[in-house]
Amino acid sequence: MVSVLNTVDTGHEDMIHDAEMDYYGLRLATCSSDNSVKIFDLKNGSQSLVADLKGHVGPVWQVTWAHPKFGNLLASCSYDRKVIIWKELGEWTKIYEHNGHDSSVNSVAWAPHEFGLILACGSSDGSVSILINNGDTWDTQKITNAHTIGCNAVSWCPAIEPSFDSSGTQKNGPIKRLATGGCDNLVKIWKEEGDRWIEEDKLEAHSDWVRDVAWAPAVGPSKAALASCSQDRRVIVWTSNDYTSWTPTILNVFDDVIWNVSWSLTGGILAVSGGDNKVSLWRENTEGQWTCISETNKGQGNLNNTDQRAL
Amino acid sequence: MDENDSPLTIDIPNVPKHLRITGSWVNSNRIGIYKKLAKGSSEKYDPTVYILRPDIILFSPQLRKLVNESNGVFLSIQKIKSVSGDVRPELLKHSKQYRSILRACIESLQDICGKCLSDKKESLENFLTIFYQIECVWHLIEILYVDVVPGDVILPQLLEWIRFHFPSRELVAVKILAQKTIGADLEYPNYWEAVIGCALHGKLDLVRALLALHSKADHPAFVMAENVLKTMPIYNVYGGYSIDGFTTCWKRWQLELCSNLNSKAFIVDTNLEMIMKLIAGEQDMLWQFSQYTDAWYELLAAKLFYTSPCCKQPELSLHANNISKRWQANRPSDNAIRAVMESNLHRVIKEIQYMGDNGWFAAHLVDLLYACGKLKILDRDQVEVSNQLHESLILEYGNTLMGHRSLWQCGASYLIHCPVQGLARLEILLQSLPMGSEARVNKILDIARDNKMDHIVTSICKIQGLKSMKQGRLGNALAWALKAQDSGFTTYIADQFLKRYAEYGELDCRDLLENLGFCMMASDRLTFLGKYCEFHQMYSIGEFKEAASLLVSLLVSNLTPKYFWSILLSDAIPLLEAKDVILSSSDCFELLRCVEAHGDDLKFQNKIEIFRLAVARNLARALSLEGCQVEH
Amino acid sequence: MSENVQGTFVSEKISKIRWKHEDFEDATNFITGSWDDPVNKVTHWTFQMNDDGESYPAVVSSYAILGDVTEIKFILKDFFVISTSIGTVRLLQIHENPYSQFKEHMSWEFIHKFDNTNDYASCTGLSTFEQDIVSVGEDGRINLLTAGQKQPVRSINDADSCSMYCIDFLRHNEILTGNLRGHMKVWDLRNDQDLPATTFMLSDQSKTEATSIAHHPTQRHIVVAGGGDGSLTVWDLRHNTYPMSQLNAHAKAVSEILFHPDRPENLFTCSASGELWHWNNTQHSKLSLDPTNTHWLNTIGTNGKVNVTSLCSAMHKPINSIDIDRSTLLFGCDNEAIYVVRNITV
């Protein structure tokens, strides 16, 4: 059985585009076409508005929380071409504004905390920028023309010890990798070398715009895995043992466009949301097959007691 | 997963057709969050976000006892695994412990169920059903996989299993017998039901005792029945017979009974005759009596008892299949029991995951079988996947518990025993635990330290430090930074102390700074802060000589932050102007060198002349004093 | 588990367990406090006989508590004080009429808090001396309370710049506190200045937190403190603040230290490592009255004259609290169970 734990009336005056919980599942950040970002405290099933952040002048597409060891930090990106980094310093305040894109910024993602405070931003101008915090200042790296027509999604590879990463050439710690998805129907893998980002791989399998990419959390010495979804109604899980050759597995072809893929905290379960008004959960069984374990849908009540199965 | 599985469906309230919903994982385990977007701009938006969570029955107070107590048994089994030698007897003991925990859980549920109101009753009854089934399946698996059955003849254990889980008719029989009423069949309407129930369970002593209370007990038919029952051969591995010898003997007895039946010896009472037909092994009679059984395996036990008393485990499968098919049994526990009898563990594990116990059964059972060396699971390509399956079930269970506010310690102890993915998962989940009081944080840290997750310790301590800073407790923040052994963070906090001093002229948290001990070495900035604090301490108690030498050593140390030079130099002025000469000529040269190098700070401009003058005067006094000392 | 240990699973992690001592007979009732659930409980237990003639703990009544219960101390036969992780101290009574329940006599709300953010701070410990109650918290504050008065008698707001973890009333005018850094401070309550009379260290080598303090029942100047690293340190505060003895005892933090109230040559300690130890010096019991200043605790660790025995096989979760009445010991554990250990030889 699944039940609704919280129902949060955000009070946004237009549609919500993203809602993300912080590391502890205690706070919710939402963003909307009403240009605002809101933060809620969720305690014991109740909610209270902590902050209503105004700074964007266009619809805000995405919000993302930084690891708590950097303090309470939130990044947001918007149609107004801006990326804003907010921090709780007594009050929530804008601590940095990034104006390095020529078009709507569609996606933001914090790097694994082991790398420090680093943010990747993907934009409709086709470029990806990487903001690196150096105490009070932010340095910028840029991947120009990452995806022609536009980049829709960015996702960081988990920090993995080099011993596992056979292709690792850098001796000092894990390598930074980024996956991006764009309007050129491609998923690309980028790798940092020195202070440059080079295209390590180009994954071709989708036949329409790639809407979202999500790198699976690394748990145990398993292979690297990446999920992507597209306008072509397909969700693909890509796996690799060496980051050079990638094997695509088509998880499913859905009835409608798939907008969003999201991995559970410890991996294993992928949530897929699409234009068909459904959110489905998928997991890989011990035999390597992807199966749907539950489906969220309108109008069909009545639950049974089954939860998840390993087989 | 099976083809016939229909996906679990959750209804989100008020989602009109034209709206689009999106789901993403909340970072703490297994909570899905669903938000909605309006499709066209013409549609009205909905500003609601729903956060969903699977309902975990194990989190209910009645079942937390089971969760915690079984955790103890699980951990004890992990210790046995590392012991060499025959561990089967030990494991059997643990299997029985699991069952006694289940029994205790069922009994306490029954207890509460009897006292509570109807709205709660339903869920309690649901729990009861689940755990009754689990207990029953566990017991059978224990017999067939964990216990060693002497001679491999399983019927005695099967009968015991059946009698344990379906005690109701035997209880009726005992009640009737206790009254010792002659003519019990007239007195008790359920008399025959009790006799039949006992006969089905192979409780022949009870059957005989009941028949003896029948109103026609003296009738020759009843006397003959008594004789038949008394002489029925029962196989006993220690009975001195070989199986063949027993079978011959039993067949002879059965033949005699059949001829008695053919000669209508029991016709005086229909029920008696039917029972004798059952005892003679007539299939049709077995099915006629199925109305007196609650489960197909009750019937199976009866069938074996009267037709195949020396049945060994491999033959069980066929019998089980025949009976369960005809019975049309289809509950998860039915399927699981059939699979157990078919020795199809793969199937068993599949089935028990449908029981709605959030994986408790599957995780603990598979772990026990794994420890027994009985878990051999092959995938469709005939590759053995037992290790993966074992780990995945325990991971899932541990993961589930980690999602509870209080049961996380229990959950962690499962993840720790998953060699492949356990620690990586634990690492992620530990970090996602909400912090709370320092007592709780210290317990989270203990688990991280136990598993050598140094970076998690560092990260959690740092988060605590940041929280303390936000609360304006710089001293406590420093204490956590030192715990974290994070020199960068320590430097940052030491800087905050120095900057506050630069601004307000007061050193905070003297009680802490004066007692840093060797921890002062954690970072250069902290060393500077600690020494500077010592300087103040010395100065305030009038140890000017000591204070001055500390100050000079700080000046030459190269540890001074840029913004602090003007303060250090200013601090020298009163010492230079002291009545006694405290600073030597070489100290003065050092001071002059420092003021040349660092005296350009704007904040020091109005003091620089005084400083130079003071140094000059002190130098003169020092030189003349040192000159005198040389002369003497 | 040995035969004299009886466990009862209670569906909540137990942070504190305390006997309700009787004057001339064995105690039969006790109180537990729980932690880490959204709503926790203080529960009153007694012993009942089951069908097999075994005595087992049964709930008499419970009282819901917001936050974790961090300490329970009896001040009178029926009256006890509890502290919580949301900065509250309450005075409760086990009320028997007309039916058994708790009655709240006083509640000091929000007396531990962070002034900057106005958040509550955990009250980490309290100690009592007759009607006087003194509490410490993560806010580094000491509150002096008295049972009959709603307002704190005195608050020392900046008593410590770090979180304080433990406190002990040494004499009517003297308290000892321990903090996150292992700083031990003696406070003379007659002194109006908000400064400690003395400060000393739990351990010079490792800067570990002080997690618990206990004083000898008859010689109150003999003090034992436990550390976050499982160490035990003994002082004779009459002489100096240099420890009389110091030893590495448990594998993890010492949760509680307990002198047997009637037979102080017996000391009990429990730990986050799941260990429960009995320190016994019966053959040297006369030493405790010896004027030559060699208290038996002085010699623990240096020679073999003290017996240390485990009272049960190690628990796989932290043991948080212990209490003893005559020969019956209770302990509470993070495995959501309470245990009764009977027939301890003291």
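Read from first to last, the chains carry the letters A, B and C; within each, the first residue is number 1.
Note that a residue touches a chain if its C-beta (ideal position, glycine included) is under 8 Å from a C-beta of that chain, and two chains touch if they have at least 3 such contacts.
Note that the coordinates shown come from a computational prediction; the quantities given were computed from them, not determined experimentally.
The chain with its C-alpha centre at the largest distance from the centre of chain C is A. Among the chain pairings, A-B comes first (most C-beta pairs in contact).
Nearest to the global CA centroid, when each chain is reduced to the mean of its CA atoms, is chain B.
In whole angstrom, the spacing between the mean C-alpha positions of chain A and chain B is 30. Remark: chain A and chain C have CA centroids separated by 48 Å (rounded to whole angstrom).
Annotation for chain C: residues touching 2 or more other chains are 38. Those residues of chain B in touch with two or more other chains are numbered 470. Remark: chain B residues 61-62, 64-65, 68-69, 71-72, 75, 405-406, 409-410, 413, 436-440, 442-443, 446, 470-476, 479, 482, 508-509, 511-512, 515, 517, 519 touch chain C in the complex. Those residues of chain C whose C-beta lies close enough to touch chain B in the complex are 9-13, 35-38, 68, 70, 85, 114-117, 119, 122, 124, 138-140, 160-163, 165, 180-181, 183, 185, 196, 199, 201, 204, 207, 209, 228, 252-253, 272, 316-318, 334-337.
The part of chain B that touches chain A in the complex is made up of residues 1, 5-13, 15, 17, 19-38, 45-55, 126, 130, 346, 349-350, 353-356, 358-359, 362, 379-380, 385, 388-389, 392-393, 396, 399, 420-422, 424-425, 428-429, 431-435, 455, 459, 462-463, 466, 470. By the touch criterion given at the top, residues 1-26, 28, 30, 32-33, 42, 67-69, 71, 88, 90, 113-114, 217-222, 259-260, 262-266, 269, 271-273, 275, 277-281, 285-287, 291-311 of chain A touch chain B in their complex.
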